[in-house]
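Letters A, B and C mark the chains in the order given here, with residues in each chain numbered from 1 onward.
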Amino acid sequence: MADPRIVIVGAGPAGIRAAGALVAAGLRPILLDEGQRDGGQIYRRQPEGFTRTPEQLYGTEAARAVALHESFERLKPQIAYHPRHLVWNVADGVVHTISEGKPGQFAYDALIIAAGATDRLLPVKGWQHAGVYSLGGAQIALKAQACAIGRRVVFLGTGPLLQLVALQYHKAGAGVVALLDTSPFRRQVMALPKLAARPGMLVKGLRLVGGLMASGMAIHRGVTPVEIHGEAEAGVTGVSVRLASGRIRRFDCDAVGLGYHLRPEAQLADLARCAFTFDPKTRQYWPEIDAEGRSSVPGVYLAGDGVRTQGADGAEISGALAACAVLADLGRAVPEAERAALRARARIMERFREGIAEAYPWPAHLAADLPDEAILCRCEGITVGEVREAATGKGADEVNRAKALTRVGMGRCQGRYCGHAGAEIVAAASGVPLEAVGRLRGQAPVKPLAISAGESQP
Amino acid sequence: MTEPQRSDVLIIGGGIMGASAAFFLRQRGKSVTLIERGLIGQQASGTNFGNVRRQGRYLPQLPLANRSRAIWGRLNEMLGEDAEFLPSGHLRLAYSEEMAGRIEQYGRDARPYGLELQMLSGNVLRDRFPFLGPEIRAGSYSPLDGHANPRLAAPAFGRAAKRAGAVIVERTEVLSVEQEGGSFRALTADGRVFRAEQMLITAGAWGSRLSQQFGEPAPLVVHGPQMAVTEPVPYALEPVLGIATTIPEEIIYLRQVKRGNIVFGGGIRGPASAETLRAYVKPENTLGQLAQITRIVPALRRLNVIRVWSGIESYLPDDIPIMGPSARVSGLHYAFGFCGHGFQLGPGVGDVMAELIATGQTSTPIEPFTIARFASKATNQTGGHE
Amino acid sequence: MGGSGQARFVRLGETGRARIAVTVDGESIEALEGDSLLVAILTARGRLRRSEFGPEARSGFCLMAACQDCWVWTADGHRLRACDTPVRAGLSLVTEQPDMSWPIPV
C-alpha cells in the first residue's frame, strides 16, 4: 500500500510537532506554510541578517523557541516542506495553494490544520486611524523588524499578550505611555486556581507583572475604552478611557496596540466543512474537536491556537496529539505511552486556557455599548449604528443577514476583526442570545487571491 | 391548535418572486400572507449575480423582461429603499465571427419586442470601451439594462409588502399544501394552519415539492452559481459585461458596483443541494474564471478576489421558468424554476402574478412558461388559462 | 505630526544592515535590507494608503497578512501587501490608489 498522503497546514509549534511525530512513525508529511520561514507567529524567526539573540527575541521562551527551530532543521530533509504556500481553499480532499502567484494542489488522505490565531478585536471609536495596530502586529514589528509602532505607545485591551508586549516594548527601549487593561485585577485573582495548573507559567506571569510594575509605565486595570483620538492625515493623537474610579482620562500618544486575547484562524476548518460549536465562556464559535484534535469531518484534524487558544506549549502538544490521531485512524502503530502522556498534558493546558479566559474575559458589554458613530468594520467603513439599524429596523437578528444587508464582514479581512464584535452588537440590538445570532460563514479565498493566478493553471 | 390564519392569497416562498408578488397584490387590495422557510431573499434571490439584463433572453420572455425593467426604474421610489439599481448599460460580447453574427441577429429579432440594441465592433467598440481585451471582436450594447444588489432587492420588497399590510411569516417551513373545500390550506412545521382563497407557489428550488402535491411535479434540478468579488477599486467599468459563447468554460459576466468592487460569475456551475440547503464554489471553477475574466478586461489581472459564494438555483430542461396558473387546480399559481435568470424578472413576475391572481388574466404573454408543458399526456387535460 | 511626511515607526535596533534605496511617492527613501515594505515605508512616512470608504490615512493593522489593510501600489500599478513583502532595491511605490483609467498597460 502506498504511504498515506498527510498534509499539514502551518509551520508553527503545532504543525512542526505534528510533522515530527509523523516522521518518527516513518511517514513523510507535506508541510505547507504561508510564511517565509518556520516558527509561526509566536516563534517567528527574524529575517536573514538580523543579529538579536533568542533571549532578546523570545525572552523566557527562548529555550523552547530554539528547541523548536532546531527540531525543524532536523526534520526538514524528512518532510516535503513548502514555505510561501498560502492555502486559499480546500475541497473534496484537496488543498489549494498559491505560491509566487501560481496555483497548486495537494491531495490528502489526512489533513492537519494548524493555522494559528490572530488577535481578537473589539472596536473602539477611532480605531480606524493610522497608528492603531493589533497587539500581535505591535509584537511582530518588534520581533521581526526591531521596530516600535510609534514614539509614544499606549497598549489597550486585555489578555496575556497585552502585558507581554508592553513589557517587551519597554525592555527594547520603546516609549510606552500606558498599559490600559479592561480586566479588573480581581478576575486574575479569581482565576488563580486554574492558572495554577501550570505553576511554571504562573510564576512567569507574576514576574511579568512585577516587571511591569517596576517599569514605571502607567498601568490601569478595569478600564473602559472611550475613544482613540486622531486626525485623518496624522493618525492617532491620544486615547481616552474611563478609569475604574469612574474618571475619564486621556493619554496622548501616536500609536496604539489594541487586542483582546486571540481568536482561532478557523476559515480552513470551515471550508473543510468541520462542524462548529458555541463556547459560552469565551463567547465565540469554534470548531468541534475531540481530545486528540479530530474534527467532525473524517480525515480532518485541528491543532494549535487555530482551534483552541492554549498558547505555544499547548500547540506543541496538540500538534503531536493530532499526529497520533492520524496514525491511529490510518491503522498505523501509535506510541501509546507518549500518547497517554500527551493527553494528560493536554488536559493541563486546557485547564490553564480556561483560567486565562477567565482572568482576561472578552468584555462583551463594551461591544454592546459602542456608540453608533464608531466604525465597526475597518475594511468597509461600516458603523456600529448601521448594523444596529439593520438589526432593529430590518430584522437582521442573524450575523450573515446583517452582513448581507450592511456589508459588515464583507471586506478584505473577511470579518476577522469585526466579526465577534458585530455578533455582539446584533445580539444586543435584537435582544437575542449571542449563540442564536450565529457566526459568519467562512468563504474562500482564505486570503485575497490574485486574478493573475488564473494565468498559470496547474 | 389555534384558528387557521386566513387571507385572500397565500404565497409560499419568499424570494424576489414571492416578495414582489406580495407587494403588488397589496397594491391591488388583496390580503396576502407569505410564508418563507428562512429569511426573505436568502437563497437564489440573494446570491445571484445581480444582472438587470434583457438582451440575450429567450425572445418570448422579452415582454415580461420589459415590464420588469420599467419597475426597476422606479423601484427605489416605490419601495422607499435603495436596491442599488444602476442602469449602466449591458454589453454582450463575442470572441468569434460566428457569435458576433448571432448577437447581431438577436438584435434584429429583439427590435419588434421594443428592445433596441446597438451592434458595435472594431475601433468603434474599442474607442467606446477601451478596457476590452484584444480577443473581443464585437459587442451588442443595451443602453437601458444594468445591475442591482441582490442582497437588498428581495428584502426591500418584503419590507414594503409588510408596510403595505402583507403578513410576512419568516423562519416557517411549509410541510404540506392542499385544496380543501374550494380553498387552499398549508400546514407548517410548527403546527400552524394557513388558509386562503388562492395560492401562489414561488418556492424556487423547492417549488416542485409543493406543485407535486397538486399532481404537477416539475423536473427541477439544482446548481450553484459560482460567484466572486474583488477588492474595491475606483469606479471605472460602467456597463455590465457578459460573454456570448457556446463553450460553458468561456461563460463569464462581470459588473462593477459604485463602491468599487467587481462582481463576477459564470463558467461551470457548482454543486448544490435542496436537501442540505448548501451550495459550493469549486476551487477549480474559481481558477477557471480568473483565466476567463482577463480575456474580457486584461487590466483586471492586477486585482485580487476577496470572496466567493454560491446559492441554490433551480433549472428546468428547456431553460425557461414555470410561471402562470396551475393546469389542474383552479386558484393555484406558480412562479419558480427561473434557471439562473430570474433576478431581472423578479419585479415583473410579481406584478404579472398579482394581476393574474387579482383579475384572472394578464396583459403580458406568459404562455410559454406554463407548467402544463411538463405534464404527461394522461394528466394533461385542462392545460389552460381560462 | 505623524502624517504622510513624518515617520511612524521607530527603529530600536538591527540598524547595521545594508542600506538600500527605494522610492515612495516619487521621493527617494533609505530602507534596510530585510525590511518589509511596510517597515521601509513607515520608518520614513506616516501612511501606506488611504481608506476607500473614509477620509483617513491607513498604516496597516495586523502585520501578519491577515487584515489586508496594508496593500500599496508600485508606480506601474501593481499591488503588494506591504507587511509580508520584503523590500528590494529600486522599488518605486505609491501610497495613493491609482485611478482605473483605460487602457491600463498590462
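In this section, contacts are C-beta pairs under 8 Å (C-beta built on N, C-alpha and C of every residue); 3 or more make two chains touch, one makes a residue touch a chain.
What you see is a predicted model; the values in this text were computed from it and never measured.
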item	value
Taking each chain's C-alpha mean as its centre, the one farthest from chain A	B
Chain at the geometric heart of the assembly (C-alpha centres)	A
Between the pairs A-C and B-C, the one where more C-beta pairs touch	A-C
For chain A paired with chain B, centre-to-centre distance based on mean C-alpha positions, whole Å	41
Centroid spacing, where centroids are CA-atom means, of chain A and chain C in whole angstrom	25
Rounded Å distance between chain B and chain C, as computed from the means of their C-alpha atoms	44
Residue numbers of chain B (touch at least two other chains)	231, 301-304, 306
Touching two or more other chains - residues of chain C	52-53, 68
Touching two or more other chains - residue numbers and ranges from chain A	411-412, 448
In the complex, chain B residues that touch chain C	130-131, 231-237, 259-260, 298-299, 301-304, 306
Chain A residues within the chain B interface of the complex	88-92, 94, 96, 103, 394-395, 398, 401, 404-405, 410-412, 414, 443-445, 448-455, 457
In the complex with chain A, residue positions of chain C that touch it	1-4, 8-18, 33-36, 39, 42-43, 46-47, 51-69, 83-84, 86
Chain A - residues contacting chain C, complex	34, 36, 41, 46-52, 118-119, 128-134, 136-138, 140-142, 144-151, 172-175, 230, 232-237, 254-255, 265, 375, 378-381, 411-413, 416-417, 447-448
Contact set on chain C toward chain B in their complex	52-53, 68, 71, 77-79, 97, 99-104, 106
